[in-house]
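Below are two complexes that have subunit A in common, paired first with subunit B and then with subunit C.
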Partner chain A sequence: MNKKLRSELQAALKSQTDLKISEEHLMQTIRASRMAYQSRRQRERIRYPAFLLRQVRFVGAPVWLLQGFLLLCAFWLFGFGDIGTVSNLAPRHLPVLLGCFAVFIAMTSIPFIGRSAQYRMLETEMATRISIPKLLLTRIFIIGIGNVLLLTVSFLLASTKAEFGAGSVALFLLLPYLVACCGCLFIQAYAHRGYQGFISTAFCFSLTALLFVLYKTAPMVYEQAFAPIWGALCTLCAVILIIGIYRLLDKSASLDLSLNGI
Partner chain B sequence: MIHDDALLQKIRDGDSTSLDKLVAFYYPDILRYCLWHTPNRQTAEDATQDTFLKTIRHLDAYVHCGKFRAYLYKIAANVCIDYSRKKTMEQLPDDLQEYDIQMERIESDAHFLWLLRDLSDEQREVVLLRFAHEQKIREIAEVIGVPMRTVQSRLRSALKRLEKDFGKEVR
Partner chain C sequence: MELTIQELTKRYKDKTAVNNVSLTLTPGVWGLLGANGAGKTTLMRMVAGILTPTSGKVQYDGIEIKTLGEAYRDVFGYLPQNFGFYPEFTVTDYLQYMASLKGLPKKDTNLKIDELLHQLTLADVRSKHIRKLSGGMQRRVGIAQALLNDPDILILDEPTSGLDPGERIRFRNILSEFAQQRIVLISTHIVSDVEYIANRNAIMKDGKIIAVDTTDELVKMMDGKVWQGTIPAEQLHHYERTVRVVSVRNEDGGNVSVRYVAENSSLPNSQATAPRLEDLYLWLFRGEEAVKEDVV
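== the complex of A and B ==
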């Protein structure tokens, strides 16, 4: 549209609403707003640490139980036993083992991140005094604590067994973990509600299969020479994950607004 | 010029005069928006007041990141939708008369406003927010809850349609 027509359109639209503001109504609105504000202040807000502790009962206990089970698996795989005695696994299989284990660590979050939608609890949770973004962030935090612990323990145990450096151990753990988290986050944000858990699980198992296929068909990617590429991909995935979490929280905030009836 | 950050912080600290300033500052814009989206002046004023009341009641949930205006417009949009759903049949004849009188005036002033009626609701909304309320694309995207590209696409197609129809009218 040419500039002249645009400016005519703008002028026409603005002149249409030549406002004659009723001072009486404006004052009435201001008085009503003040009263609404005063009555709002009577309610005491739950403090975030108290809310976080309450969520531990609902989310922390089950997810930490699951992560505890994985921790035992980590000790069994990388810790106590000689890795050569675990079935047909040998130290050279450690990279792909680490990657698959990291994906399973990421999978511990799947049942818990989308539970509000899964159990149709969104409306009820909205009746609480805290917002959905904070609730989601709390869940991510609770799950994250366990994941960080699991990754750290796996890293420490595997580093003692690995034939390659600690840096490589970290990369073989981190990249699959970050890719799994990014994928699950994307699915959480955009998949049809109710199918998110199933699709996330399928995605993670596919990722595990891909790691095996990669190990079988192109084992050179697990060599030291490819470490810079792993490092770069890790950085990229970390950035994508942060942006993904931000977007998920932002989207939840809009949902917050609409569910509040505002 | 009003600084939302400072005012919102003062309101949260309990300063009621800041609240009055905030309401007084945004009242004309919100009233203008509601006038476009409600059938008559009375309803527009009621919707405006409801918008501010809902905003104040949920102020604790609002995390300020420089988007208060868009937040307010979003609430106004939802309030107007609620009002349009509540509109009763008895009201229609009066509304139509007032609307027609308005439109007669508009038509004599500018073809554009008449041509707006031929746009889809989504396109009209975007045009109004952009040109009547001088909102940026990003703000419009937040108010109506769609991506920026969708806003740009709707605006582009609305303006093309208006230009085409305006051209036909002139001929």
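== the complex of A and C ==
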């Protein structure tokens, strides 16, 4: 039985303190309920894992194609090529390269998160069995799989080239990625509908520019001494991201709240 | 099967879109008539469960739809007034996508899609991109998605907008067949759409339901208020300022035949004539024109 319905019935029963339940009437009610249930048309419905797999075709294919292209870039940038031979880049530029690449990884989600509102599919999707919060979570999950893979491959490849430890490589990837994700989520929730994609893209490019400026003007932030600060900021951004996703899902359940959200 | 709307209200900062509406929907076709801004779409969105009411509730067979959750959306089909498509979708892609959102098993989906495409004469365009179809065809694709899960409750907001008369007749026939043992709620400006298929109609004005009855009983309200008179064409302009003109037809000899609604006969040689639902619409919504569609 539906959990909400069960708890409402239990609450209603508790409020009837002087109610005497007849076992015979209870059995009759149970029999009648079963008959009523069985007389309704049986509707076979797929479970969530089957739904998730079917969404791969609609959401996964295009976003994974984009992420696949980035994966090739990762191999080119951090893997097969000697990084010293790439233009004027040198191994000491790896931290800022990792940061910029992480921002581009986050950007792969921009075309896909706000699609429902952009293409006026929101109302139709909201009225279906799956519900918008679950659909949004599915999209985030599918995009997230690709992002996690990209981050992992970049980390592994860069760790073999880096002059600093694996921990630092992880931080140089994670913090810009999390900041980009938090920024895009905030923009998705509050920016004017129709401009979210543009503003998110502009924000991410600004972030990469900021990383370069930081590297040029204050290169010491990329040193080991600042690692605890990077770690703390990563943790803070991760918490903000989780709260942001939770609020986005919560807002998306009703049309008047969700018009910007998705 | 019963869908009960109880004292439903939706208030925004500057306006009350739906004001304490109560209605009980039983199996059959229900028409929801009203002018622009009457609150029809807001009401339908609340019944669809996608808009949170300020107060009141919607119950399906005695249980609030909020409590039913997925179970309600399972038996529900909805076509919004303004809907779109992802640009890369063909007709089949879109229906398969919607079928997956409705949780339909894959083996049933293809059969159902074929059936609906034939019923709505979309079989020839199944592989075409939706953005390349005409407005009427896009509307039929929208109707198809609403019917995918064989719903017990079907809510259609302006479903025939953009359809030509032949398509509207076909649509009416599909709906009439579908509505046996099901609840169908159609909101429309096109009075003739509900006049021929709706068992009962609810008329909405300024966020409130002002009348609920069968088409015949509603039309009876206009007994003695609908007139037909013939006047010289040059006098039409004068009378248009004094009576509510329903239709004008050119006659021989420079005259025009005027159908109008008024408490009493206002044109010379007028005769009372049998009222239609369209006359009631014009009588109730004096500031609005009903969409006059040819009766086919």
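The working rule: the second predicted complex is superposed on the first by the 208 of 262 C-alpha atoms of A that agree within 3 Å, B and C clash if a C-alpha of one lies under 4 Å from a C-alpha of the other, contacts with A are read in each partner's own complex, and residues count from 1 in each chain.
Following the convention adopted for this analysis, contacts are C-beta pairs under 8 Å (C-beta built on N, C-alpha and C of every residue); 3 or more make two chains touch, one makes a residue touch a chain.
Just so it is clear, the model here is predicted, and its values are computed rather than measured.
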{"item": "Partner chain in contact with A:Gln55 - subunit B first, subunit C second, else both or neither", "value": "second"}
{"item": "Subunit B versus subunit C as contact partner of A:Ser22, first or second or both or neither", "value": "first"}
{"item": "Touched partner set for A:Leu135, first subunit B, second subunit C, both or neither", "value": "second"}
{"item": "Subunit C versus subunit B, contacts on subunit A by residue", "value": "B"}
{"item": "Partner chain(s) touched by A:Tyr37 [first = subunit B, second = subunit C, both, neither]", "value": "first"}
{"item": "Which superposed partner A:Leu13 touches (first subunit B, second subunit C, both, neither)", "value": "first"}
{"item": "Partner chain in contact with A:Lys4 - subunit B first, subunit C second, else both or neither", "value": "second"}
{"item": "Shared subunit A surface residues [contacts with subunit B and with subunit C]", "value": "2, 5, 8, 41, 45, 131, 254, 256-257"}
{"item": "Subunit A-facing residues of subunit C, complex", "value": "45, 48-52, 63, 66-71, 73-80, 82-88, 93, 97-98, 100-106, 108, 142, 145, 149-150"}
{"item": "Residue ranges of subunit A in contact with subunit C within the complex", "value": "2, 4-5, 8, 41, 43-46, 51, 54-55, 58, 62, 115, 119-121, 123-131, 135, 254-257"}
{"item": "In the complex, subunit A residues that touch subunit B", "value": "1-2, 5-6, 8-17, 19, 21-22, 25-26, 28-30, 32-34, 36-37, 40-41, 45, 131, 133, 253-254, 256-258, 260-262"}
{"item": "In the complex with subunit A, residue positions of subunit B that touch it", "value": "11, 14, 16, 19-20, 23-24, 27-28, 31-32, 35-36, 45, 48-49, 52-61, 63, 71, 74-75, 78, 106, 109-110, 112-113, 127-128, 131-132, 145, 159-160, 162-163, 166"}
